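In what comes next, chain A is part of two complexes: it sits with chain B in the first one and with chain C in the second one.
For the complex of A and B:
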């Protein structure tokens, strides 16, 4: 299927739910570490879920630059465009 | 702003840990009595977390040949092999390891950690792709980072996930290296190496590295590790291992049939720019390797002990993370429970490894035991009794805590 930025964001937010037990409102600016308290292990697990959902690979080297939801969506879009 | 500010959170966690009793990550053994016992604070402690699988650290023959090597070659080499030269004993050990594993060549490193750094960062470079098991040891992750390669993780012990990812990369012309471990150090679970090899065969240009750190001397009819146990050694391109577990020394190695493997001696920075292994480490590894070959009964004894502890703890109702193996990891419901039990075990004279997230898979809090061929049936039985007592004490403590809340 063709993924739009909005659709990617919607899917990523769904995948974020198990990592957001306090139900904090998620926007493009939400910081995964500071706002959702995700540690590096949780972040790696989330990445695997995202990889499965979009059928892409996200190399570990791209992760240090990912802070906000928007950063994550951008990485997904970039990897989708490679496929 | 201090350089150490970034550690505030982890430091606060460490303070909480220490406040609950002894520092589990800084136990000082006043005296080592044997492969399975030490004296701590004047009391005897049974060691069940040493990875001393074959119990060879006090073997009289190995000690004698090590002492003799120190007299002959001195206490240290004082430099790297490329600058200061290779000792004949380094070369002899490399030939011995290669012969034991049936490989064309082997390279020795000062530690197992450096063996992974040196082999991985030597083999892979910025234009290559490494696919690694997500539960890989820190030394594998660090070696991968040092290589500068593109790193893609696949789900732990999942050949299907690896296959899917290799399929996605089929049009990518980069060289690809897959890395798995024979047995994973925290949970003691084995890689399904035969299935990984099937995946590798479907993707012909891919090479496979297996870290046999915890499986060498433990698995296989000859103790060559998981690849031997599965009968797939020919499909494994690179083997990494350590001297600091079943071989009872300090050091590590890489081995391969690839004739180009020797190029790592002048291209791999962790090999080139570190002091070479000391004569004592080399002599010990040489001597203990010969024991692995000549005394298969040590492996048999190790497995008997492993099965006895597994059965003992299972019968007591403890949840164990993997099938019976010389690594037995007991899962605790919380960090507090694990820390309490670790302290209770230690106070009663049993030393196991406390393993907490993020160093463990799936956020598990573990009491990790590793068995040795040198453990006696009485020690194994005592460990089970102390686990039972510590668990009861933990339950009483937990009930008191919840009543107070």
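For the complex of A and C:
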């Protein structure tokens, strides 16, 4: 299937739900560390969910530059475009 | 499709770490068919290299280094990805007389700045002239150390001309590599490992600890920038012509069962993990794989790298018993990078043995007070005395010695808790370029002071905790100072306002505590600060912490003005520290019921 940026964002937000027990509103600017309290164990679980959902591999070397939801969506789009 | 390397050599006789240098060992292994296999995140074979191929490519790379005029003894920083390139570069350095310095990867969301700072301090302290990393990580290396003579990807170096380059391998009395697994970001300490130390340690591990035999096969997801991954599951197997099946650490963290599937599919007999790795597998469970996983050939399931916790291992054995896993395969061990890797091993084929002690007596006595009074497990006297179990980590390897000492450096007798000190051929000569740090961990009579606490019983070591301030969460080593400095850089926080330490809670889990002197009066502003502190800690070290806001002048300092984390921790455990915004702290119902840990 052809993934658009909006569709990717929608899916990532869905995958983030289990990591957002307080149900705070998630926007492109939501900071995964500061707002969603994601530690490295949670981050690994999220990466697995995303890899499985989009059938991509996310190199961990990209994670240090992922702060916001937008950063994460950009990583997914970049990896999707690599096929 | 590559095919995986064999577990045995058809005509080469099996020699367990009998070599004086890594080059001697690799030259020997190169005459056989064993080697290293690398698997994808989903457990498919991605690359297979025999030791011959690794040697040939390492030799060719060494010629490129020398042809390019790299001086003998130069340090080469290598991003330690689990990949063929890392092995080729590590061994290439050995043939070229260069000192490899493995540097870590990071997995922390938003951890860019902290990671670059860490690389910068490691590369700087080692005085590396060259840095090598995969393409997608070059920007970190360039940002951390842009001024180096050469920074590039493995391919950049393979493109250099080789013709006419000399080989100038290290001799037995010379250096081997620098291992960063202790020390904070602010003060990194690189263990300077010699050829003598690494070959001695590999000999002890291979001949004694694991009693390697022909046909053994190693399986590992351990990071190659840690001593257990590098020494235990790269150098020791190579020096014994053992085939290794590698899974990247990230692949294990995402899908831990892939580790067990590889052991099953390829007939792994030897694999190690810190306790948390077994915990992760037990938590995920078999996931419907009971019929397809066969762990009956796994004869050594080693545990090391952090406190060995028997309850977790019991849970693993129960979960995976159906696959043929034998709890007798568990092999507790104790070691540290300053002694290359291994110091003690429990006995093979015995499983976990614990020493049960009187909890109350242990909690209330000082470091060197007589403990433990044996608790009669049949409750013959005083049924309500709580017991606590510590795992017995075994006896030191041949030629190595372990003692437990008092603060005054007197040797303690059995059942007395004190400082664990070590002596033997595996002990490092010192931290690289850091005589003061080396002196600080050397006893007056020349033993290595490990910074750990424990006691002896009949020549066997029991580790009870750490005296040094290191925090270990989910296998990550966290230096409190790194956390404190990151928090002190925040707005509204002053220098010397922060203390970070960990406590062991009653469930055996370690929890990180950050105590912060708070000068804000507004309740909401305080909560905002708490949130910023927690986020900063997560970005710095990828771990959660409990933030305790206290009034100014609460933290305790030593007479020389240094923060006394142990005094602050004691206040915390005794309940003397209460949060300014008590109503807003989230986890108060779980606080503080600690089973440990006097410092």
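The criterion applied here is as follows: the second predicted complex is superposed on the first by the 83 of 83 C-alpha atoms of A that agree within 3 Å, B and C clash if a C-alpha of one lies under 4 Å from a C-alpha of the other, contacts with A are read in each partner's own complex, and residues count from 1 in each chain.
Assume contacts are C-beta pairs under 8 Å (C-beta built on N, C-alpha and C of every residue); 3 or more make two chains touch, one makes a residue touch a chain.
If you're wondering where the values come from, they're calculated on a predicted model, not measured in any experiment.
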item	value
Chain B versus chain C as contact partner of A:31, first or second or both or neither	second
First (chain B), second (chain C), both or neither touched by A:39	both
Contacts of A:60 with chain B and chain C, given as first, second, both or neither	both
Between chain B and chain C, more extensive residue contact with chain A	C
Touching partner for A:48 - first (chain B), second (chain C), both, neither	both
Contact residues of chain A, present in both the chain B and the chain C interface	39-41, 44, 48, 57, 59-61
Chain B-touching residues of chain A, taken from the complex the two chains share	39-41, 44, 48, 55-57, 59-61, 83
Complex contacts: residues of chain C adjacent to chain A	41, 105-112, 114-115, 134, 136-137, 140, 250, 253-255, 474, 476, 531-532, 534-535, 538-539, 542-544
Partner chain C, residues of chain A touching it in the complex	31-34, 37-41, 43-45, 47-48, 51, 57, 59-67
Chain B - residues contacting chain A, complex	134, 144, 150-153, 155, 165, 168-169, 357-358, 363
